[in-house]
Amino acid sequence: VERPRHQGMAKNTSMRWRLPLVCLLWEVAMIVLFGVFVRFGAEADAHWEEEKREMNLTSDIENDFYFRYPSFQDVHVMIFVGFGFLMTFLKRYGFGAVGFNFLLAAFGIQWALLMQGWFHSFKDGKIFIGVENLINADFCVGSVCIAFGAILGKTSPIQLLVMTLFQVTLFSVNEYILLNLLHVKDAGGSMTIHTFGAYFGLTVTRVLYRPNLEQSKDKQGSVYHSDLFAMIGTLYLWMYWPSFNSAISDHGDAQHRSAINTYCSLAACVLTTMAFSSMLQKKGKLDMVHIQNATLAGGVAVGTSAEMMLTPYGSLIVGSISGIVSTVGYVYFTPFLESRLHIQDTCGIHNLHAMPGLIGGIVGAITAAAATEDVYGKEGFIKAFDFTGVYQTRTPSIQGGFQAAGIVVSLLMAFAGGAIVGGILKLPIWGDAAAENCFEDDVYWEVPEDEESDVYHMHNPEKAASP
Amino acid sequence: VERPRHQGMAKNTSMRWRLPLVCLLWEVAMIVLFGVFVRFGAEADAHWEEEKREMNLTSDIENDFYFRYPSFQDVHVMIFVGFGFLMTFLKRYGFGAVGFNFLLAAFGIQWALLMQGWFHSFKDGKIFIGVENLINADFCVGSVCIAFGAILGKTSPIQLLVMTLFQVTLFSVNEYILLNLLHVKDAGGSMTIHTFGAYFGLTVTRVLYRPNLEQSKDKQGSVYHSDLFAMIGTLYLWMYWPSFNSAISDHGDAQHRSAINTYCSLAACVLTTMAFSSMLQKKGKLDMVHIQNATLAGGVAVGTSAEMMLTPYGSLIVGSISGIVSTVGYVYFTPFLESRLHIQDTCGIHNLHAMPGLIGGIVGAITAAAATEDVYGKEGFIKAFDFTGVYQTRTPSIQGGFQAAGIVVSLLMAFAGGAIVGGILKLPIWGDAAAENCFEDDVYWEVPEDEESDVYHMHNPEKAASP
Amino acid sequence: VERPRHQGMAKNTSMRWRLPLVCLLWEVAMIVLFGVFVRFGAEADAHWEEEKREMNLTSDIENDFYFRYPSFQDVHVMIFVGFGFLMTFLKRYGFGAVGFNFLLAAFGIQWALLMQGWFHSFKDGKIFIGVENLINADFCVGSVCIAFGAILGKTSPIQLLVMTLFQVTLFSVNEYILLNLLHVKDAGGSMTIHTFGAYFGLTVTRVLYRPNLEQSKDKQGSVYHSDLFAMIGTLYLWMYWPSFNSAISDHGDAQHRSAINTYCSLAACVLTTMAFSSMLQKKGKLDMVHIQNATLAGGVAVGTSAEMMLTPYGSLIVGSISGIVSTVGYVYFTPFLESRLHIQDTCGIHNLHAMPGLIGGIVGAITAAAATEDVYGKEGFIKAFDFTGVYQTRTPSIQGGFQAAGIVVSLLMAFAGGAIVGGILKLPIWGDAAAENCFEDDVYWEVPEDEESDVYHMHNPEKAASP
């Protein structure tokens, strides 16, 4: 209840010049690079009238905007409100959770538009962007939000911006290897977003291991209302996950199917999470940590396969398993990771993103390998896996092998990248707080006096009398 | 402020084996039944390319996904955030409100996909699902969320799962009778969702009457921030209700019209609610209970008629009346129901869903009976009421009569079903809490120590000094 | 912490008869006027089947509903949750913030449908409405929500309803002058919504200047959780702003482009806001007031130009500048306005809406003046600025001049209108609270006893022991 005694801090956490410098420098860089490279794509350019005629489109409704914009907005909510509020569960780190998530995501989407643009939307020296690029930028930043979950409360905003810069870069490289070189399908990002993001974050937090973190243990819990704020994040992630997994799938049946599979998987996941949360606690009481997190594992675990013919009952199975794995992870793996492997994972991203992400990659590989022309139809089969051009001779089992390779590449990129970036973040110049001041907004934020002051007043009756 | 003394509890509320058993058993049943029955509908199946050709569709945008997915997501938010947070108004039952709503809805949508599928999407031994089925499953679960409002804080999660199983079943039967046998229109569910759900819940809570409930009276109120959490639920229900009432209407003008009528009705409802809330309180102060609930009655009351030519001013009238009825209900009827009829209605669903639902059914019957070819146009008239096939000779007044019959059937189903299900829930095996522990999360949830502990510290200064 | 002593109030704040009277009177007026004037537009009318044939439309998807409804819902969320929760930052005015915003917006949209309908959708003595009218009504009310921000906590609900009546009227006149007489482009409302709304509100609050407001200074701050509630409002405004600026743009590329420009501007704005928030505080700590508000300035500042070929890097520049201007405004201008000009601006709308609105108007004028057929394409150029009919000879530079004139007209309307309406609101009949009771929900709302009572109990140990 008492304020941390900052006068006693060994570290200089003042952001006064460092944070503005980094923010402004990077924003200027963004402006210059956008000026040189970024232009409107054909469907967002005022020349669209002529374009429409050339493409023989009879209606404005054929603009990709109308296929994807509603999904984009749902994804946008997931990144900013979903991840932001999910992390407000800590009693005294709500500002940092939602505020730093806001900061890193707002920077990350700009840098992602460039990085992903160079890899995927580059033509004649320019990057041409449309609504699909906005979705992909949000996706890329999603992987940074995931990694943020592991180091939540232990890093300065500058460290987060530095991490975002590197992680977005590595994400884009990894995504390019998977989607373009390996020709892997991963529309909902089980591998590119969740597996990569989570193992990257876990590696970073391992490198940044703080042996004295138990000094701030009293602040690493929740209070009643902070748990309710976190449920806002949970529910928005849960509800909009069908949009997440279907947002960049092919028009038509693929988007439709992705939404259905994800809806089913998530519904099943809630039941197994509740079951195991109650079963693994001595008195059978439910734990909000599980409800806030493990209920979402079903969305992660169908990220790769949702647009495939996974089928509704297949989705129920995947969702059920991932809810169990994730809840068991919170009860047994997280303490193990911390005590034995020195991995301090604030939000338990290992349980919500890493393991379910791996499940998602594996389920995707199996579903791809099991695909037949009978199930997909002749045209549907080619369209679903994009078996055209140089890939027209690929068989489902070979595709399954490449999907599996995608998991391995994502893991390697995450470990190597996380180790390097963790090393950079360990430099003593970024202004992170001492162990006893972790999980405390007061270090980087102006915090209003409230309950604390009440308690203070109690011991000073004359003050309480005249507020 | 003191914790309930659980050691003194007469009842065994431990969920440790019972809740996992029920959750896992039912999820396994869902997987088996989905495996046997549920398949992707044509628009979500990879054979869609061929389907498109057969149906002469020139564009993927004709896929029903693009007509209904944005509305589906809005409905989804209403069920999980809307109902979930609306019920967080209780000071110590926020976890139960949002968490149990999450649990029952996640189970209910799976069971509803099956039940409604057998009645409406069954062909050649399989249920074929698409986005419209997802919306209908959410709708069905909406009626369970409504019934949950009556028994909020007084039941165990197992009781809720048992109730969901039965209520979804009965809902689907009632819906089949109304929509298929009586050929009644009810796109926004005034009868099928609200009237049925509310009277079902009120009957259940009557059967479960707790004579000693005043023992937990101190917990049956709100605190300042719990009222703000509840407003999140209110506003999402209010804002997205136009999507709710238009989500499964016919493509084109019907969806468009439903949204406009609902928008108008809800706007009017806010003003009359505020007026009567202030008028009925001695000092003229507004009551958050009314603002959180009665402002929504306008959405309920145009549920049947919104897709008809109710007209914007007709909607204003219906919305105005329902706001008044609902607010008056909170002030006068709820205490009467409790003291005289022994109906303990935690959220006042009688005022928000039951009476406005009846109004909605009646307004729908009148609007249907008053329909003319002049107002609808010749084709529009047939399309609006689906007067084709065996129904091509139906006149508006006969349709109005059938609409009225739909209200009666819904009421009978609700009373009979609620009595039976209430009886089942009364069995002493489900682990519900004793009267003095109602409205208290601590019974079924791990609750963090927070303000309480502060207050506790006050009386133990030595503890407060070293937190 | 102590309750205000109401017994000492000089003013009669009871709403018991006044508020119901105003609400019911105005709702009756709405019903009569809607009955006389408002009808469904062609796309929402049951005659649509015939209409479709006449317009040679082959699919229901061509109904404007499918182009605009998802954006409408996003705008709807911005008005009710966005503005409502943004203003909950005050520690004891959360009910008033979200509740009065709800009240005035629900009334305002009805009156706006009429006012804007007479100006823009009037034919043969009737107003024909569709989804675009709903969006415009929400937009119009947005300007009232902005003005509410200046007087938040200092006015009675009746004053707000009176202000809404007049402001909606003046908004519609101003909008008609700009869009129809000056033929100005302003799809995102930098001028019509933000400049007009903000300067109107600032003028009103100037007229209502309260010299003794420091008597309630202790309640004019936030507490920890009220700041988190406010962040819900901030994030929904931020995330959905691309929908706001694109909602009524032309179908196709214009909507697409508006969303991209707004997305970019807002992302940049977050970084410069964070930079200056940290830089301008002695210890370099971030201030939630800036994060909650100045991060949104980027959306305001591209309101006029987002649908033009502003380009992504142009958007980054505008967003960066507006974040800086807005944050500097909070630190330096707001105290200056209060101490020197007697403008008491509770939410700092001068920084979030007034200055960025002016920037938006100017950027729009420049972007229009700089337009060339080369950049827009021949057809795109005509379509973007609607240079048809009597306007076919307008050049870009003339258009730029008219855009600039639009700013001036909006300012004059705001100052004149605000002065008159402020004068009306100064009449001593509306039941506003005394200075010492400002920013206090207890004046107009039933407020549950909570933390206060705890603190009270502390000094009465015998009470605390038996709650």
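In this document, chain identifiers A, B and C correspond to the written order of the chains, with residue numbering beginning at 1 in each.
Everything that follows uses one rule, which is that contacts are C-beta pairs under 8 Å (C-beta built on N, C-alpha and C of every residue); 3 or more make two chains touch, one makes a residue touch a chain.
Which chain is which protein? Per UniProt: A, B, C = RHCG protein.
Here the structure is a predicted model, which is why all the values come from computation and not from measurement.
Following the contact convention of this document, A is the list of chains adjacent to both chain B and chain C. Both chain A and chain C derive from one sequence, and where they touch, under half of the residue numbers involved are common to the two copies.
The mean-CA centres of chain A and chain C are about 32 angstrom from one another, to the nearest whole unit.
Multi-chain contact residues of chain B (touching two or more other chains): 61, 66, 70, 225, 232, 451, 458.
Of all residues in chain C, those touching chain A in their complex are 1-2, 61-62, 66-67, 70-71, 74, 91, 218, 221-225, 227-228, 231-232, 235-236, 238-240, 242-243, 251-257, 259-260, 263-264, 266-268, 270-272, 274-276, 278-279, 281-288, 291, 295, 309, 311-313, 316-317, 320, 375-377, 379-381, 383-384, 451, 454-455, 458-459. Residues 14-20, 23-24, 26-27, 30-31, 34-35, 38-40, 43-50, 52, 59-61, 63-66, 69-70, 73, 76-77, 80-81, 84-85, 88, 92, 94-95, 98-99, 102-103, 106-107, 109-110, 113, 129-131, 134, 157, 225, 229, 232, 444-448, 450-451, 454, 457-458, 461, 464, 467 of chain A touch chain C in their complex.
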